[in-house]
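Have a look at these structures, which come just after this line.
In what follows, subunit A forms one complex with subunit B and a second complex with subunit C.
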Partner chain A sequence: MDLRTQRGTEGFWPRLIWQGRIFGAYFGQFVKMRLAYRMDFLVDTLAVSFSMAIQLTVLSVLFSKIRALDGWSFEQVLFIYGFSLLPLGLFNLISVNFYGFSDKYIIGGKFDRVLLRPVNTLVQVMFESFNVSGLNEIILGTAVMIYAGMKLNFAFGVGDFLALLVLVPSAALVYTGVFLAITSVSFWHEDRMGLAPPVYNIIRFSRYPLTIYSLPVRVFLTFVLPFAWVAFYPATWFIGGGQLPLVALLTVPVGVVVFSGAVWMWHRGAANYASTGS
Partner chain B sequence: MSETTTSRLAPWRRSAAGSVGLYSYFVRLAFLKFLAYRLRYYTGVVSYTIFVTGHYYIYSALFASAVADSPDGLVGGLTLPEMITYVAVSWIGRSFYFNNIARELSRQIQEGEIAVLLIKPFHVQTVMMFEAIGESGFRLLMFTLPIMVVIVPLFRIQGPPEPMLYLWTFVSFCLALVIYSQFNFLLGCLAFGMKNIQGVMRAKMVSMDFLTGVVVPFTFFPLWFQHLMDWLPFQYVSYIPVTIYLGKHQGPDLARVLLVQLAWSVALFVAGRFVWQRSVRNVIVQGG
Partner chain C sequence: MSEALLQVRGLTRDYRLIKKREGVSGGLIDLVRPRRELLRAVDDVSFEIPAGEMVGYIGANGAGKSTTLKMLTGILTPTSGEVTVGGLVPWRERVQYTRHIGAVFGQRTQLWWDLAVVESFRLLQKIYEVDEQTYQRQMGIFDDLLDIGDYLHQPVRKLSLGQRMRCDLAAALLHRPRVLFLDEPTIGLDVVAKENVRQFLREIRERDGVTIILTTHDIGDIEQLCRRVIIIDKGRVHFDGELEDLRRRVGQKVRLTVDLRDTATSAELAATTGDLPVRWTSGEGRRHQAEFNRSEVPGAEVIKRLVNGAHVLDLSLAEQPIEEVVRDIYRQQGRPTP
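The block that comes next holds the complex of A and B.
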């Protein structure tokens, strides 16, 4: 009995705390492993900064030709871009095992090992590896956001800070949910097609104001592949956009629904899993 | 080892016809290798369509917003239909010349597979170039053509001002393939000297489409940047072939840009051979 409570298998909250502790242990292990390769982190910081420098150059070159893009100023678009990096960073931090999940866990049979342990399978897969690159995106994205906010003379109140604390994780849930759903598909079909890359490629276009796209594209990005909720809608809380700021707050239910749906798919898939026997 | 023994032992001292036979075999081999993975390219068609669609909307909005400032409808010297054609042809061309030689070569160097390649009787650089040609042959049939079938009608992409420019654009993209593959080869050679090549590879990944002009045409940039790019090989990978298609290079200018492209192809090949031969003098393979 004592052992059962310690393992936290009774009740929702003890279980959540237990999984949080597992996450801490995994992360600690990962940090120790990473510290052995300090140079890697430095190289990664340089690579992320370089990539950002190029994207910012592209934005400023485009804006050197116009005063505003469909009514959006350079600073506003910059703010959306900076904001988009925060949920993306959070997502990148934990999502690294989604890539090649089919190869590593299903075809490689690594999922057998996951099933043997008395911890949620999804928690294990997500936390078995981290991508520190995410930290760089969060830091640099914050810097861009602060810069753009200052240029916009944006008065950053307590309410905005709280909104940021809620919106960023919610937007990260949207990312995680979408890619978790795609990853879950590989329980039924080995992912030979590579469904993730085209979806991943849409991300870069979700950083532009949604209003530049035609109605079908806007509907698609809002309801079908909900990437409008990872940057544009939540960012309108801060930069305005002619709509109610409440739309931005809808990011929270969208994130929860998308992520829950994906978790449900994952567990359906895991139940369907048959080992390759290798 | 003295100079004479090296040349006597050099196993690639075969007849010219033998070399052609050997290397063209690698073209076929690469073609067949990629044919086995053709399923992956179906979603690639979707990805490229997404890239063109996204840029289509961005540039349409940009041109619509620029109307107030440029009554002639030109932005960066291009009209909106030209701009959309620029985007489409850039991505269609990229689907043809693209390869991953840099990553492949650096992986082989770091994992020690290079040792096996070094004892084989061929030039690794030449083999990799012919493999890239084989890969692009595969891409042309199974990737570039499907992308064209989707994109050209979807965005009503216009042909070039003169039919002959179809040919010159294709020639130019073929030279772009040589430049791109040789640049990648040189980049891959960096793995001989660097312990961690990941950063370089990522920097290349994020900057290549920018430097070649796929993302933004160079006429959007300040003049100093355009002059700088004139002295570098990158614009010959995409910007030049695409502007040839748009009819921006006529008569002697067309001949000039194609010749400069050819010169870059040769120069990068020679540079690759030079760097390779200096690098392989001192290769350390750990275990393997």
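The block that comes next holds the complex of A and C.
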């Protein structure tokens, strides 16, 4: 018997489409499961909305004292903040399995099961569970952006809409790439605490105009831990700021590079898992 | 093609262990200079399994069974050696390979904990690209043989262990794999559930010709399912052959139980069998037990002497349970094999 002749879906694009369908199947199951726990969903939604409301209050209190931040108006800062919530929401939606990955998958042995299925390991881990609170962030972010945009008398054209469609996913790729890389480390180190929480806290810096920070911080957020690309740089496409709108488009290659690097790391890690069999 | 479906050659797997020292000071030393140790879990294992065979892979805890199974399923990369299954190398062509195999690892379920059973099957249908017709046919077979229809709509976490094991088996076979790997498929099940699982495995093998490799501690599994067994200890293969050959190799020990009309001592009974190599192991009063080896003395001879020497009401002969056979195989280690 030759099993080599019996193959499944092949080729890059057919496989990508197929993986998209797998995503759809997982997501459908997830929604069904969530509906079974309706209270959880309500509590989640309330908690996230509450924390967003507090952050907005802090911003408005801050700006009632100072009208501008290093040349950026309250509305502009608000716009960046609103924009930052969109990729963050997308990222939160799919990244929930990165948290506790080491505990659940490596130490708990769930990764063995992942390896037994004919689907890319990363696709399985990312799509096995979702975090619906990501949807709240997307909705809230959209509302904040519309509000700030109106205050700024921003004429939103077709080009801007297309830019949004490209920039938001690219920024989400930056987030996902950074945390995927951190998660991949657990293939080598069974680290329960993890780097993720401190890095997650640094995200806050990305919600303000980068120019308010000193040069080392700016360099750090642009090149080392590239969180400047999740909100500030892409948002400048809409709110301006010298040469920055052109820089905004660099978000796309940055997202692709960061994410691809992380995927590479992930697969190296998975190979290491198979060879150490921890 | 005459080549065996599954070919294993010189399969070896080392684990690098860090040996922890005791106490706090030991922990500090470990931090600076960890003591590393190499453990050979699987050592130069070779065998071939033709399509459609059902093989028991047995050994004590830590003998290397699970490690072997992990390498055969592609979860683990071996240190050295080769495995090909239908021309595929498990750990090298993982995605391609896993389409053709099913696996159930004892206590760990493959199903999604919070989903209804049927939803798990629907997901697996998409993952394995099973067409609707095949899906319906397979589900029909599972319902026939495993009776899973009753709890298809319950979430997996609410199933009993026996129900879950049946669902796990069905899930592993939904995509009609050519090879099925089972790690302790009956562990923790009650007698009825065990019997169900065994019956199912026999039928699915006859029906689909699926090749089955199972590890187990349960001798009943082996006696009822496997004609061929591979015994592994300390990572090495100690026996590979038919169950009957195994019995023959360690000798055919038989346990004899006699019921007498009158009470007697062991010594009196031993006198009846005289110089025959029979060992009277236990008993007093009217019931006694003895052991002998069929390869050394025919059963009829023992019984003839016994019946001539004492008033026997009833007697029975029992084959040595396979557990003891395996234990004897371990004991023979180091002794030259005949």
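Operating definition for what follows: the second predicted complex is superposed on the first by the 261 of 278 C-alpha atoms of A that agree within 3 Å, B and C clash if a C-alpha of one lies under 4 Å from a C-alpha of the other, contacts with A are read in each partner's own complex, and residues count from 1 in each chain.
Note that in this section contacts are C-beta pairs under 8 Å (C-beta built on N, C-alpha and C of every residue); 3 or more make two chains touch, one makes a residue touch a chain.
Note that the structure is a prediction, hence the values are computed from the model and not measured.
Contact with neither subunit B nor subunit C is seen for A:Glu190 once the two complexes are overlaid on the shared chain.
In the superposed pair of complexes, A:Ala274 makes contact with subunit C only, with no contact to subunit B.
By the document's definition of touching, of the two partners only subunit C reaches A:Gly109; subunit B does not. Residue contacts after overlaying the shared chain place A:Asn120 against subunit C, while subunit B stays out of touching range.
Shared-chain residue A:Ala68: touches subunit B; no touch with subunit C.
By the touch criterion defined above, A:Val58 lies against subunit B but remains apart from subunit C after alignment on the C-alpha atoms of chain A.
Comparing which residues of subunit A touch subunit B with which touch subunit C, the overlap is empty. Subunit A meets subunit C in the complex at residues 1-4, 6-9, 18, 21-22, 25-26, 29, 32-33, 36, 109, 112-113, 115-120, 128, 271, 274-277.
Partner subunit A is touched in their complex by these residues of subunit C: 1, 5, 13, 15-16, 51, 67, 70, 73-77, 85-88, 91, 94-101, 103, 105, 108, 110, 112, 114-115, 119, 122-123, 126-129, 178. Listed in rising order, the residues of subunit A touching subunit B in the complex are 39-40, 43-44, 46-47, 50-51, 54, 57-58, 61-62, 64-71, 192-195, 197-198, 201-202, 204-205, 208, 212-214, 217. Of all the residues in subunit B, the ones that touch subunit A in their complex are 39-40, 42-44, 46-47, 50-51, 53-54, 57-58, 60-62, 64-66, 68-69, 75-76, 195-196, 198-199, 202-203, 206-207, 210, 215-216, 220-221.
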